[in-house]
Amino acid sequence: MTTTEDFTRDELMEVNAARALAGARTCFVGIGLPSTAANLARNTVNPELVLIYESGTIGSKPTRLPLSIGDGELAETADAVVPVPEMFNYWLQGGRIDVGFLGAAQVDRFANINTTVVDRGPDKPEGRLPGAGGAPEIASNCGKVLMVLRHSTRNFVRKLDFVTTLGHGSGPGDRKELGMPGAGPVAVITDLGILRPDPATAELVLTELHPGVTVEQVRAATGWELKSADTVGVTEPPTPAELAALRALKSAGRDKA
Amino acid sequence: MADIRSLHDAVADLVHDGDTLAMEGFTHLIPYAAAHEIIRQGITDLTLARMTPDVIYDQLIGTGLVKKLIFSWGGNPGVGSLHRFRDAVENGWPRPLELDEHSHAGMANRYVAGASRLPFAVLRGYRGSDLATRTDTVSSVTCPFTGEELAAVAALNPDVTVIHAQQADRDGNVQLWGLTGVQKEAALAAGRVLVTVEEVVDELTPRPGGVVLPTWVIDAVAVVPGGAHPSYATGYTVRDNAFYQAWDPIARNRDTFTRWINENVRTEGPAVR
Amino acid sequence: MADIRSLHDAVADLVHDGDTLAMEGFTHLIPYAAAHEIIRQGITDLTLARMTPDVIYDQLIGTGLVKKLIFSWGGNPGVGSLHRFRDAVENGWPRPLELDEHSHAGMANRYVAGASRLPFAVLRGYRGSDLATRTDTVSSVTCPFTGEELAAVAALNPDVTVIHAQQADRDGNVQLWGLTGVQKEAALAAGRVLVTVEEVVDELTPRPGGVVLPTWVIDAVAVVPGGAHPSYATGYTVRDNAFYQAWDPIARNRDTFTRWINENVRTEGPAVR
Amino acid sequence: MTTTEDFTRDELMEVNAARALAGARTCFVGIGLPSTAANLARNTVNPELVLIYESGTIGSKPTRLPLSIGDGELAETADAVVPVPEMFNYWLQGGRIDVGFLGAAQVDRFANINTTVVDRGPDKPEGRLPGAGGAPEIASNCGKVLMVLRHSTRNFVRKLDFVTTLGHGSGPGDRKELGMPGAGPVAVITDLGILRPDPATAELVLTELHPGVTVEQVRAATGWELKSADTVGVTEPPTPAELAALRALKSAGRDKA
């Protein structure tokens, strides 16, 4: 992992992902990076954030990072535990959740997501990914969607091999036409910076770089001709408090795993 | 009415070659011991249903007992890929694996329809996704009141559902608590139901979050303490995260996988823990 | 987020003339005190929804505040007729009452669709019944997989739902337990939610059979001990069966009814108990 | 109430209604007479009978007759309490219930039920009844249906003013054509005797008289030309144990009301 001063690029990604949850009331949390970000947010910018996991927990307050979406502590610390069908029908489809936080294997320029299969060339079988999980309906029904994943041409692709989860389709208006209640992806936070959809085109453009990262580095790690916003900002470096909280969260996870 | 039986006899009587079998539990209360018994008995040509196939189905798939998988997310949670699942899908080893693939919302509603004995369920889902192009169990219906087109998913009614629970009483009534996932729906949707339990108690004490399945919706109860390992049973065991991490290198290689199954499942009776 | 407010202010802010209002509770936890506050404030032209209208709606109907009733069984449970309901339907006193009439299964599923923010729900219901001929909220859909024709019921999304619960914490999270009926669905289907509670506690202890509604799905909590009388709140009060029996002669006559309302609801503030 | 020896006609009805539950595993219980019958069955012919009330209780074991379907004791003594939508969807529609036990305001010769409105003549408004409640789906989805009501030409009518709940429609085959899973009404138990559908026509015919009742009395209390089965039996008089159990149940109810 490349380090910049006293923090890693992953930590930049995680801290900025957590910051993106400032002001949110409820977050539907995918496992992995989204869970790290959401738990960090509860320990920093948004102590009141209500974490919702697809295993049925509402208001979980874990003290360590859960390895799985059904770790016991998620249920034990929750305000309510509901059956999985109720979670998807009443709470997610019911429009109760402000932010859906997703990871992804492949993303395209309109923030559409593939987590199903990848084409590995003419003589090879399709490569198998885990599948959709909750993502298609999380992306459709949450008020808005945040995404967090590492930046590489393998992940940020010109064309998806399979559309598992619609982000902005082929441009503005597609979500509305499909009757999707939520606003869709509003930010993709990576280890290099932050991409956001251009309001006019819905295409992801570079809006922020992390400290020490150049536009060229981001473009080189993106599979399409990445455009930049009129002004590209630089994210604030992690504060000592943010770093301390993040590292405490991760080591607590390791201790108990 | 549920008879309390040995795991061997319950599996032999209730799970048959060619069945559609659901073994549910959302990372919690996964019925591993029953899966291992199925491996030992070599019950084959199974269609497996499960929202999150997980390591339990990686094991069944790798032993060649499975011809089809109905699912929505197939990974080793928090660790990575299911290598036996991938090897079967990508390379047909040890046999080709047919897929019927959904989203979680779709799978959950397929069980809801099954438990409700309706032929389908309705959701606002699959929109803009290619998922519907690869399955014949997603279609659409039009709302007769608003004209909105919505996704329809076919009911899922397994021949047999197996779940793990914390407790049964002597009459075979069962209670599970903690994360209870989609187990009630999977059980009520099935033709036959087997529940493995941590213990039999004189009386079931109602628990916060408890789900009670009366004995008359269950065919057999088998007492298998620790039967969810490496998953867990709230109040009895904790999740063996180390096992899930250790599974990755075991499953990555066909030989190490087969050796592990032979040594820990086939030869030894109930899997080592 | 739920503010903890006086019943007067919560009702005044959340319930408006012309609203569709659901006050649920399946003989248990019926929010009588809130209904009485609505009578005192004279909030009118209401469309009332409730599976079992019961004495609570007999009182609202008799005071002339109700233009329409959405329901599935309108009786005084175990006692007999709802005389004010009958008088309104049969004789238009004190005003005509429009009806949208369903079966219990249909009403329950209308709330389920409402909570799920779907435009309709599907059930195997209303077959051979004349009910569907008198409502425009029952229709049919055809299963795209089997061709079976099933009943479709329109979602019910009240402008405001009022329920009674045992406890809230200081943040406005609510827990109810015992028979919890269709309250979760009615609350989640609504645009605004008011919960009256027996008491505020420092911390909600999870209960067997408990339903928790987090504060962020509720608009206001009002503390009204005994607010379900003559219905009851498990753990706090018992059902006043004698009141239900005494209601029959009171409600049978327009004058005795009006006098009872004036003396026990309008003049006295919270109804005598 | 006419008494015959040491029991009333109502007691004959209640005892025979309870006897009809011998051998059943699960019963969906309407309030009123069905609840009396089902609770009496648990205290006499069928101690293991699982009582299911539409308020959401499965396996209630009340010690007294509940006044309402949501009396606290139904929940407190239940094996499980489920939300009302689940009761109707998973348990009733799910085909889990052997016997549905219904009352009725009006019944016709095919055991169709009206509980909605009655015609009171050309110059009068329709008379309002309580409505359907759970009955249409209970009658459709339970394995079979039992009915209990007092015998009079007001209740047993030539033509229903409104079909709330389908029994056998207009004859054999109607239920099947409508796709109803259950067998429908198999017995109507009254204070005079028992009517059952003729297997060939699905029309209710008199199959049993209570002791001391004549065929003519039953015909006079029925609004259509009631036919009798080839042999009309006589129900066994209530045993002392049955009467004692019934009276204890009712007085326990009165004490606490």
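Just so it is clear, A, B, C and D label the chains in written order, and each chain counts residues from 1 on its own.
In this text, contacts are C-beta pairs under 8 Å (C-beta built on N, C-alpha and C of every residue); 3 or more make two chains touch, one makes a residue touch a chain.
Nothing here was measured: the structure is a model prediction, and the numbers come from that model.
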Checklist line | Intersection of contact partners for subunit B and subunit D | finding: C
Notebook entry, point to check: Just curious, how far off is subunit B from subunit A if you go by their C-alpha centres, in Å?
Noted result: 28
Check: How many angstrom between the C-alpha centroids of subunit C and subunit B?
Finding: 39
Note to self: Using Cα averages as centroids, what's the distance between subunit A and subunit D in whole Å?
What the structure shows: 58
Checklist line | Residues of subunit D engaged with two or more neighbouring chains | finding: 89, 93, 181
Next item on the list: Would you give the residues of subunit C that are in contact with at least 2 other chains, written as numbers and ranges?
Entry: 112, 116-118, 123-124, 148, 184-185, 209
Notebook entry, point to check: If you go through all the chains, which pairs of them touch?
Noted result: A-B, A-C, B-C, B-D, C-D
Checklist line | Touching residues (chain side subunit C, partner subunit A) in the complex | finding: 112, 115-118, 173, 184-185, 188, 212-214, 216-217
Notebook entry, point to check: Quick one: in the complex, what on subunit B touches subunit C?
Noted result: 116-124, 137, 139-146, 148, 150, 152, 154, 206-210
Note to self: Under the stated contact criterion, what part of subunit B meets subunit A in this complex?
What the structure shows: 26-28, 51-52, 71-75, 77-79, 81-82, 85-86, 89-91, 101-105, 108-109, 111-112, 123-131, 148, 178-182, 184-185, 209, 211, 232, 234, 238-239, 241-242, 244-245
Check: Can you list the residues on subunit D that touch subunit C in the complex?
Finding: 31-32, 54-57, 66-72, 74-76, 81, 83-85, 87-89, 92-93, 112, 116, 125-128, 130-137, 140-141, 162-166, 169, 174-175, 178-181, 256-257
Check: Inside the complex, what are the residues of subunit D that reach subunit B?
Finding: 25-26, 50, 58-59, 79-80, 89-90, 93-96, 181
